[in-house]
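Consider the two complexes below, in which subunit A is the common component and subunit B and subunit C are the respective partners.
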Partner chain A sequence: MMTSRINPLLILFTVVVYIFLMGPLIIVLGASVSDTTYLTFPPQGLTLRWFENIFEISAFRRTIITSLELAFLATGLALLVGIPAAYALNRYRIKLPSWLSTVFVLPILVPEIVLGFSLLKSVAVGMETPIFLTLLIGHMLLVLPYCVRVVSASLASFDFSIEEAAVSLGSPPVKTFFTIVLPNVRSGVIAAFILAFITSINDVSTSLFLTGPGISTLPIQILAHVEQFFDPTIASVSVLLMLLTVAVMAIVERTLGLTFLAK
Partner chain B sequence: MLKRFAGWWLAGPATLAVLVFLMLPVAATIATTFGEDGGIFAPYIAFFNSGFRRTVLWRTIEISLATTAISLVVGFLTAYVVSKSPGKLKSLLIIAAVFPLLTGVVVRSFAWLIILGKNGILNNFLVGIGAISEPLSMLYTQGSVIVAMVYLFVPLMILTLVGVLENIPDDVVQASASLGATPAGTFRQVILPLAVPGLIVGAVLVFTGSFTAYATPQLLGGERQMVMGTLMYQRAMVSFDWVGASTIAAIMVVITITVVLAMSRVARRLNPMAT
Partner chain C sequence: MTQALTVQNLTAHYGTTKVLEDLSLSVGKGELVSLLGASGCGKTTTLRLIAGFLEPTSGTIRLGDKDLTRLPAYKRDIGLVFQNYALFPHLSVLDNVAFGLKQRGVASADREKRAKAMLERVGLSPLADRLPGALSGGQKQRVALARALVIEPPLLMFDEPLSNLDAKLRVDMRVEIRQLQRANGTTSVYVTHDQEEAFSISDRVAIMNAGRIMQFDTPEMLYQRPANAFVARFVGFENLVPMTVSARDGETVTATTQDGSQLKLSQERFGAIPDAFVLAARADGLSVSTDAKAEGIPATLGLRTYLGRAYQYQSETAAGQLIANGSLSAPLEPGAKAKLVPVPDQCCVLLPE
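Our next item is the complex of A and B:
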């Protein structure tokens, strides 16, 4: 009933917008299976050799592993410090100064590329920190705000009197946290993990200054490869990354329902 | 003792991480741009005295403003239709916007390389139907960067605004209709003003995102359409001019923070629901 009142021109416009949104991704998918040495769409012939080619190029093999390691470690670390912080911000709201929650907004205000460059100068060069560790610090800071914010949002609807009840019945505080609080914010933690993981895997700007010939991440390697070769290998790597996105969305759908992502 | 400072102990590690590894290094980067030889503002004077760098700054602002304006219009109209769609279709449309958003910047920019290239899909198509006789040079133009940036940010805008539009109470819309407003009138006089705070949030996200972007302008603009992000990389890693790169970083930080603070103030003032 509501739908019928929308101007048909607006509906047409929306259809065009969605073609615009989906079209390029479908083109990448088509180009990745094309049996040609150049990128083309619609695909001419069908082959999966460009997917095999990804793993024949050692730079891709290496950077895929680096990117996965980095994403898991950075997300894990960010949750490790982020969950307690989110808990403190909710549980001890009155005792903590109000600027403390602002601290976790700061990484959003600083452009990622500036963060990467500053880490290169002060941490990698200035403190002679190994480059992988510096990258890890960068990615941890990149995803920390998501972790704190998303876990905080789910803690905001948690009734802390349940926790108090457990403690007053003799449950030790740490045990209470793991058996009472954490299970209740499980969906927030999963959402934070997924958002953080996908942000880290796809990041260019923070990693840009923290990679070099010795160590690189997948997106940076893709950028470097495109500038030299314009073959369908890049399209097939892109499809791999899209499959990762699909997998992530499937996990979210299973655990939280997809409307969660719209928030 | 432990109990009294429990909040601090728990929030401490994360707070320290941000202060030590974000605030300090960024502050250090900005600090190196002052107190150089030749006066405290020397690097900034050098930046604004260079015609090339002024052009880059201006081009970045132009691209960001164009991207923001187009994303606002496209995102708002689409979000309006999405928010009015029936349940099943609505979730499908939301999923279709989330998917590109979760797909990386590099992948989404690369797609436009295939489309806009000299032997790209668009040129082949236009030559095929006889609209043009020679392939056009569409890559490495301001237009190609803007198209790819709009592509990058429209999903974000749609999702931000669907949330905002769904929060507009139905009563308000019905009241407007029952008082005789046409659907177009309701849209312009009721829905649009109520969406303004959301539009501002979306605009800030898109503007700051495009102003500091690297991958998209690098792939689709190259050397010919250098923007602040690509210029900063070039200064630091090609010319090893770290003070120059730091100056660009400082300008980016100042513009980002100014835009965020100014617009959140405007958003508060324009919010019709606030009293």
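Our next item is the complex of A and C:
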């Protein structure tokens, strides 16, 4: 039987990397169940009252809903703009100037703080838009580059003669887009959705400028909470967010298989 | 129902570049016509114009009595077979074939029946439920063929359909394509850069260059009677010798090469010979002779290669380097003086370019 010698240092290195990756998660998980009024690790005692506490604090309840609404709407709208944009950029790549695709990446080239501040000045104050709408505009801008880039990557390997084949067989162009093009870039669209959704849910810098009286997002609320309290509620919220992410990934894994993300 | 295709005075531009100039082409009912030429000659542009993926600057495209020129591609009802197969990767083989029928509103049961019958004809019934990704190149092209044929299009077009297949399969597939096309009697346009492929399966071939048709004729005529120097070179006439007529005696014409050597040519064989012309010959059409009295082009023989049926000589003449064949019985050494005698049946007279 063949055996291969593995360098013990390599094993040590691998273990260290894993600890490095998983350590923070374990610490947060531990702190969230600690029966103390301050954040500590390892946990002392065992309680779930900090999880209950999240839902007792109305600001958390409200901001969780706002954050979810915002993430769904911003991602949805960004995809509505991003998918056609990515399609056009790829379909007419030869005809279009090359800088055009760069335009769609600009929002991530600008530091988020600057993006937030400019939106505050020009949209929120300048145009006196409602807070939620301003947040939505900000988040959509923030996630649009991910949508365009990821869907583009998927379309880059799409053979547009397939589209022509469908058209030649009698399928009108718009119908062809939905029956032939979209099903073949499905994985890209889902990957874009997940990336955009997570970006929106986690955003602090841009949202910081755009939240206002009565309307805030979860990360901003966490920030506000930490300024006043040092109890493990924050750890519980974090665990909740982790579970949400794991749940999304589990659904994806069950329905599509995770390998599609690597495609 | 199959229809005749008539393309008239088609001109097309990419931006400001003219890619097709005043091209006219007619394909009779049930005929298979190839567009043959090197890449960039406009053959694929012509196909895409007929298919409706490009718009011409001017000119008309008619199929039977229907004017296609400004009709959107999806209403043209043309079967297309692509070089890279262009199968729908997310649909099964059967659904790929049934796709066109679905667009035509054929009921599901009938659709399946017809698609299955078509798959049977291309010998792929056992693979009906597979996805295209699981097929070989040849199988994919058969599915593409079935998909284009099942809608019984009045016109079928092929865009380099065999270029991605290996040599052996290419020959098998082209025979298969021709058999299916014949059996259905479908008017067809076939785009290729492969001369053998075009000549072997076409009723007529249009040889294209720089957006124009250089000659549109049967393969036999193109091969034996090229109309101009471009086509002559394209079909393998390696030797093009410019000549002028120095004397005419009835049907016999005495022609002089640039170095003054004289040849007698019969107008009975070549038709009317103009005062200045180009004599075109393949290596087979110039015979190496050491007979001092032979009428031919004086040459100094160079490298000799063995072809099995003859020896071939790279020969230096006043008209430049010519390639000629000599008999197997008397091999000649490099440096030998000889005459290159035109073999009338194997030569053509062309107008100077």
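Keep in mind that, in the parts below, the second predicted complex is superposed on the first by the 236 of 263 C-alpha atoms of A that agree within 3 Å, B and C clash if a C-alpha of one lies under 4 Å from a C-alpha of the other, contacts with A are read in each partner's own complex, and residues count from 1 in each chain.
As a working rule, contacts are C-beta pairs under 8 Å (C-beta built on N, C-alpha and C of every residue); 3 or more make two chains touch, one makes a residue touch a chain.
Quick caveat: nothing in here was measured; it's all calculated off a predicted structure.
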Touch check for A:Ile180: first (subunit B), second (subunit C), both, or neither? second
Looking at A:Ser161 after the superposition, I want to know if it touches subunit B, subunit C, both of them or none. Which is it: first, second, both, neither? second
Dominant toucher of subunit A (residue count), subunit B or subunit C: B
After lining up the shared chain so the two structures overlap, which partner does A:Tyr92 touch, if you call subunit B first and subunit C second: first, second, both or neither? first
Considering only touches as defined above, state whether A:Phe20 meets subunit B (first), subunit C (second), both or neither. first
With the two structures laid over each other on chain A, which partner does A:Leu119 touch: subunit B (first), subunit C (second), both, or neither? first
Name the contact category of A:Leu169: first (subunit B only), second (subunit C only), both, or neither. second
Give me the intersection of subunit A's contacts with subunit B and its contacts with subunit C, in residue numbers. none
Subunit C residues touching subunit A - in the complex, by the definition given at the top: 51, 53, 72-80, 82, 84, 86-90, 99-100, 103-104, 144, 147-148, 151
Show me the residue ranges of subunit B that touch subunit A in the complex, using the header's touch definition. 6-8, 10-11, 13-15, 17-19, 21-26, 28-29, 32, 74, 77-78, 80-82, 84-86, 91, 93-100, 102-108, 110-115, 117, 119, 121, 151, 154-155, 159, 162-163, 183, 208, 211-215, 218-219, 229, 232-233, 236-237, 242, 245-246, 249, 252-253, 256-257, 260
Subunit A residues within the subunit C interface of the complex: 159, 161-162, 164-173, 176, 180, 183-184
Residues of subunit A touching subunit B in their complex? 2-3, 5-7, 10-11, 13-14, 17-18, 20-22, 24-25, 27-28, 31, 38-41, 81-82, 84-85, 87-89, 91-92, 95-96, 100, 103-104, 106-107, 109-115, 117-123, 126, 137, 140-141, 144, 148, 198, 201-202, 204-205, 208-209, 219, 222-223, 226, 230, 234-235, 238, 241-242, 245-246, 248-249, 258-259, 261-263
